[in-house]
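Several structures are given next for inspection.
You will see chain A twice below: alongside chain B first, and alongside chain C after that.
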Partner chain A sequence: MISSINPSVKAGAILIPGVLLGLMFDIFTPLIYLIFIIIVTFAFSHISIKKWLLIFSPFVLLALGFAWMRMLYTSEAFDSGPVLIQFWHIEITKGAMEVAASLALRSLCFVALSLLFVLTTDSTKFMLSLMQQCKLSPKLTYGVLAGYRFLPTFKHELDVLRQAHRIRGVGRAKGIRGRIQQFRRYSIPLLANAIRKAERVAIAMESKGFTGERERTHYHEMKVTKRDWYFFGTLVGTFFLVVFLSYSLGFLNIFGKDIN
Partner chain B sequence: MNMIKQCNSSKLEPLIRVENLSFDYDNLKNPLISDISFSIDHGETVLLMGGSGSGKSTISLCLNGLYPDAVEGFSSGEIYFKGKQTTEFNKGELNQQIGVVFQDPESQFCMITVEDELAFTLENLKTPREEIGLRITKVLEEVGLSDYRNHKIHELSGGQKQKVALASALIQQPSLLILDEPTANLDPVSSIEFITLIRRLKEQHHIAVLIIEHQADDWLALINRVLVLGKNGDIIANGTSEQVFNDQRERLIQEGIFIPKVFMKAKKYITKSCEEISSSTKPCLTVKDLTFKRKGDVILNKVNLSLYEGEFVAITGENGAGKSTLLQLMSGILKPSQGKIEFLGQSFTKWKEQQLRKQMGFVFQNPEHQFITDTVFDEVAFGMTLNNYGEELTSQRTNDLLKHFQLSELKWRNPFSLSGGQKRRLSVATMLDETPDLLLFDEPTFGQDAQTTEELMFFIKHLQEQGTTIVFVTHDMDLVDTYCERVFVLNNQKIKFEGSPSELWEQTQTLKEARLRLPYRIRHQKKAGEPYDFVY
Partner chain C sequence: MTNQWKLKEIVLMSVLGVVFAVIYLMFFFFGQGLRNFLMPFGLGEFGYEIIFGIWFIVSIIAAYIIRKPGVAFTSELIAGVVQVLLGSPAGPMLILTAAIQGAGAEFAFAITKWRDYRLRVLIAAGVFAAVFSFAWHLYSSGNIALATWLIIATFAVRIVSGALLAGVLGKWISDQLAKTGVLRGYALGKEQQEQREHDQAV
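== the complex of A and B ==
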C-alpha cells in the first residue's frame, strides 16, 4: 500500500514526474499519465472514491478556467493551424485548443499527484523521514510539527474573538475602512496569543532536553526498502515510458517544439 | 567560605542552591526577581507562592537553565545543581535532571500522539531505540495512562493531558520535578486526581518537587516547606506551612496571596455569608426546551431554566458539559437548534441587536478577546459612542467608571499592556455603559490571585445590589457557596440539578457525576475531628 512507502522517496517519486510534466505541451502525454496516476491511486491505497472526488472536482473547474484563458489568449508561437471556432472577434485555432487542453490536463496531473501524496502520508512520518533520509535539521522539522498542532486552535480562537467583538457591538462596522479596522482588531489578539503559545511550546520543548542538534536517536526508524524503490521506479519509469510512447506515436511536444 | 567548600564535597550539599539570584527582562536596575537565595534538598517538596506576575514561573525557568538565554533577559547570581554551577552544564544536560510540567495543557506538546511525545523526550537524550519502548511502557503505567499510548494528545481531556506532561517529565528520571501551576486549567476532581498521583509518585521515588501554585490547600499534605515571593521580587517567607501561614498571615494577605483555608480564621469559609434567597419573582430570562447541536452532536437537550431579577446564579458542571455553550445561547450569540429564549418578557427573535447588547453584558474568560481599541479610555467609551451618548455624557460616564474600577491612572495605556487583574476589571467596566439587566460571566476567576478575585467579587456584588442579574459559569464551589443564591448543574446535555447551594451539597451522587467537589466549608463541617479525606 502507498501509505507504507517511505515518505521522502514518495515525495521524490511525485516531484520528478511533476516537474518534468510541466514541459510537456501535447495532450497525449499528460492524459495517459493522469489515467495511470488515477489507477495507481485507487489500486494501491485505501482512499475512498467519494472523498477523492470531493477534493478533486473543484480543481477540475479551476483547470477548465486555466484552459479557457489560455485558449483566448494564446501566445503567437502556438496560435497555428486551422481556425476551429469563430465568433464575434474571437478566433480559436487548432493550436490554441491543443495548448489549452494540455494545460488543463497537466494541472489535473499535478492535483492527482499531490492528492496521492497528501492523502496517503502521515505528517509525523514525513517529518521523521525528512530528518532521517534527507538530513533536514530537527529544529525545522519539529518546528513544523509543533505548528501543525496549532491549526485547529487558531480557528477556534478566531470564532471566540468574533463572538466577543459582537457582544461589544463591533459587528456593526461597515465599509472598507471598517473592514480594515476589524482586521486589525482581530489580528492583534490573534498574533499576541500565537506568539505567546509558540513561546510556551518552545520552552516546553527545550525543557524536555531538545537542543536542535542533529545527533539524536530515533524511536521510529524510517527505512528505505526495496519496495520504496519499486514504487519510485514505477512512477518515474512509467513517466518516461509514456513520453517514449507519445514520441513514437508522433504526439510529443516539449516546450512548444514538436519532437518527431 | 571554608564551610561552603566542605559542603561541596560532602552529601550535605543540597540538590539545588540559589545564591543572590536577580533576573529581569530589560535591565537589572529594578529587577523582577531581586537578590533571592534559597535551596532545595534531595527528595524535598517545596511550595513556591506569590501574587500574579511576581516571577514564580521565571524562577523555575532560571533553575533549569533556560532563562536568561531563551528570552535574552539579564541575570546575576549563581545557581548550583548538585554542587555544580548551572552555567557549566552543556546545553540540554541540565534539562535531563529537571523535569517541568507547565500550566497550559494546550501548549506544551509538539507531537501528535502520546507515544511520540514521550519518545521525543528520550530521543533528545539520545536513548537507544530498544530502551525507549520499554521506558514508555513503564512511565505510562506509573501515571495510569497505559490504555492511551496510541491516542492523539489533542483528543484527551485536560486532566489526561497534564498526566502526559507529567509522564514526559518523569521519563527522563529527573532528580527535581517542577510543577508550574499544573492544575490551574483542570476541573476540581481532575485536579485532585493529579495531586493524588504526585503524592503516590513521591512515595515510590526519591524525587524533589518544586510546586508553584496560587492555591495551596490541596497540596498541603505533601509539602515540607513553603517559599513566598513578594511583589518586589524578594523572598518574604521561607519555612514550614505552619510557620509561614500562621506567623506571617497578615503580610501574605497584603501581598494578595491565597491563605490555605485551614489557616484562615475569617468567618467567611466556615459560615455562609449570604443565605437569603432573592425574593423577586419577576423573570429576567427564560429558556424553554432549548436544544443545541454542533456538527450533528447534541450538546444541550431540552434545557429549561428561569433567571429572576437581581439574583446571583451559578452554572456548573464538568469540563465539556456545555456550560459555556449554554451561556453563549443565553446571550444570543449562538442560535439554538430548537427551543426559545425570552429576555425581559420578549423573545430573542424580536430584540434588536443594539438594544439587546445595551441591556445585557457578557464577560469572556479571556478579557483580551474583548478589547477593540488602543486605550483604556476608548475601550470604556466605545459602547457609549456607538449608542450616540454625546461627547460630554460619554466622557463623564467613562471617567466615573474608570474611577470606580480603579483604572483612572491607566486611562491612556493600551489595554493589552495591563496586568491580569486590571484587564479583568476593564473587561467588566466595558459592559457597564448603562447598568445592564443581565450580566453573564464565563469563568471570571480562572487563574486569578486572591486579591484580584476579591476585588472582582466586590464590584459584582455591588452591581447585583443595583438590580442586575448575575450569572457565573464556574468550577469554583467555594465561590458558589459564598456568593450564589441558586446553582444549576449541567450533565449529560441536561440540567441535573437546580436549587440553592446548600441543597446541592446534600446531593452526593449529582456532585460525583458532574465531577464537582464540596466547598471547603462543608468538607470542614463534615470532617470535623475526622481525618481529612483527600477527594470528597
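== the complex of A and C ==
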C-alpha cells in the first residue's frame, strides 16, 4: 500500500516525473501518464473514490480555464496549423488547441501526483523521514514539528482576539482604510504571540537537553526498504516508458519541437 | 549553516513558516477568485500575478528579523514544506517552487554579503524572488507557450508585486512587530533598541 512507502522516496518518485513533464508539449504523453497515476492511486491505496473526486474535480474546471487562456494567447512558436474555430476576430489554430490541451493535462498530472502523496502521507512521518533519509538538521525538523503543533492554537487565539475587540466596542471595519486598520489589529498581535511562543519553545527544548546534534537516537526509525524502491522505479520508469511509447508512435513533442 | 543559528532563531523561522503557510494557502484561493473575476475581461492570467509578492514575504520578514545567511531561503522552504503537511493540493512540487523563490530572495541578501537590510535591499529581495519564480513558471506551467507581450506584461506585474507585497509590506510588518517588543532577542529588535538608546543619549 502506498501509505506505507517511505515518505522521502515517495516525494522523490513524484518530483522527478513532475519536473520532467515540463518538457512535454504533446497531448499523448501527459494523458497516458495521468491515466496511469489514477490507476495507481486506486489500485494501491485506500483513498475513497468519492473523496478523491471531490478534491480533483474543481481542478478539472481550473484546467479548462487555464487551457482557454493558453488557447487565446498562444505564442507564435506554437500557433500553427489550420484554423479550427473562428469567431469575431479570434482564430484558434490546431497548434494552439494542442498546446493548450497538453498544458491542461500536465496541470492535472501535477494534481493527481500531489494527491497521491498528500492523501497517503502522515505529516509527522514525512518530517521524520526528511530528517533520517534526507539528512535535514534535527533542529529544523523538531522546530517545524513544534511550530506545526501550534496551528490549532492560532485559531483559538484569533477567536480570543475577536472577542476582546468586541468587548471593548471595536466594531467591524468599514471602507478600505478601516480594512487596513483591522488587518493590523489582528495580524500584529497574532504574529507577536507566535514569536513569543517560538522563544518559549526553544528555551523549553534546550532545557530538556535537546542539542540538535545529528548523532542521535530515534524513537520512530524510518527505513527505506526494497518495496520503496519498487514504487520509485514504477512511477519513474513508467514515465520514461510513456515517453518512449509516444516517441515510437510519433506523438512526442519536446518544447514545441516534434521529435520523430 | 545551521550551526550559526541559535535554536530560538530556527524555531522562529519555523513558526513564521507555519503562520505564512496558512496565509499562502488562503491567498491561493483568493487568487483563484481574482482570476475568475478577471477572466471575462481576458485578463485571467493576471489574477495571480497581482498578488504574487505575498508568496515571498516570509523570506523578507525572517531575513530582516534574524539577519543571518540562509535565513531567507530556509524560511521560504519551511513554509513550502508546511503547506504540504497541511495537505496543499500542489503537493511536493510546492517544496521545489518554494526553494526556488527562497533562493531568489537569498540572492539579493548574498549580494550585500548579508550586511545591508535597508528597504532597498528588501525590495531587491522581493524582485529577485519574482524573477526566479517567473523563470521557473515559464518552464513548469508551460507559460513559455504564451504570446510574448503577455509574458512581458505578467513579468512586469509580478516584479512590482514582489517589490511591494514582499519587500515593502514585509518590512512594515516586521517593524510593527519590533515595536511590540517581542523581537528584543533578535537582530532587528536589538538594532531598534540601540537606535532608541542612541536617540535618548542625544
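Heads up, the rule we're going with is that the second predicted complex is superposed on the first by the 254 of 260 C-alpha atoms of A that agree within 3 Å, B and C clash if a C-alpha of one lies under 4 Å from a C-alpha of the other, contacts with A are read in each partner's own complex, and residues count from 1 in each chain.
Criterion: contacts are C-beta pairs under 8 Å (C-beta built on N, C-alpha and C of every residue); 3 or more make two chains touch, one makes a residue touch a chain.
Predicted model only: the values in this text are computed from it and were never measured.
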After the overlay on chain A, what do you see for chain B versus chain C, clash or fit? fit
Just checking: does A:201 make contact with chain B only, chain C only, both, or neither of them? Give me first, second, both or neither. both
Tell me which partner A:154 touches in the superposition: chain B (first), chain C (second), both or neither. second
If you stack the two complexes on chain A, which partner ends up touching A:209: first (chain B), second (chain C), both, or neither? first
After lining up the shared chain so the two structures overlap, which partner does A:164 touch, if you call chain B first and chain C second: first, second, both or neither? first
Could you look at A:146 and tell me whether it touches chain B, chain C, both or neither (first, second, both, neither)? both
Return first, second, both or neither, reflecting whether A:35 touches chain B, chain C, both chains, or no partner chain. neither
Could you tell me if A:180 is touching chain B, chain C, both of them or neither one (first, second, both, neither)? neither
Look at the residues of chain A and decide whether chain B or chain C touches more of them. C
With the two complexes superposed on chain A, say which partner A:70 touches: chain B (first), chain C (second), both, or neither. second
Using the superposition on chain A described above, determine whether A:192 touches chain B (first), chain C (second), both, or neither. both
Which value, in Å, gives the least CA distance between chain B and chain C in the superposed three-chain arrangement? 5
Pick out the shared contact residues on chain A: the ones touching chain B in one complex and chain C in the other. 123, 146, 188-189, 192, 197, 201-203, 205-206, 210
Show which residues of chain A lie in contact with chain B when the two form their complex. 123-124, 142, 145-146, 149, 152-153, 160-161, 163-172, 185, 188-189, 192-193, 197, 200-211, 213, 215-221
Of chain C, residues touching chain A in the complex: 2, 5-8, 10-19, 22, 32, 35-36, 39, 42, 44-45, 74, 78, 81-82, 84-96, 139-142, 144-148, 150-151, 173, 176-177, 180, 182-183, 185
Complex interface listing, chain B residues touching chain A: 61, 64, 66, 70, 91-92, 95-96, 98-100, 102, 104, 106-113, 116, 119-129, 132-133, 154, 168-169, 172, 328, 331, 333-334, 353-354, 357, 361-362, 364, 366, 368-372, 382-383, 386, 416, 430
Can you check the complex and tell me which residues of chain A touch chain C? 11, 14-15, 18-19, 22, 25, 55, 59, 62, 65, 69-70, 72-78, 99, 102-103, 106-107, 110-111, 113-115, 117-119, 123, 126-127, 130, 137, 139-140, 143-144, 146-148, 150-151, 154, 184, 187-192, 194-199, 201-203, 205-206, 210, 212, 255-256
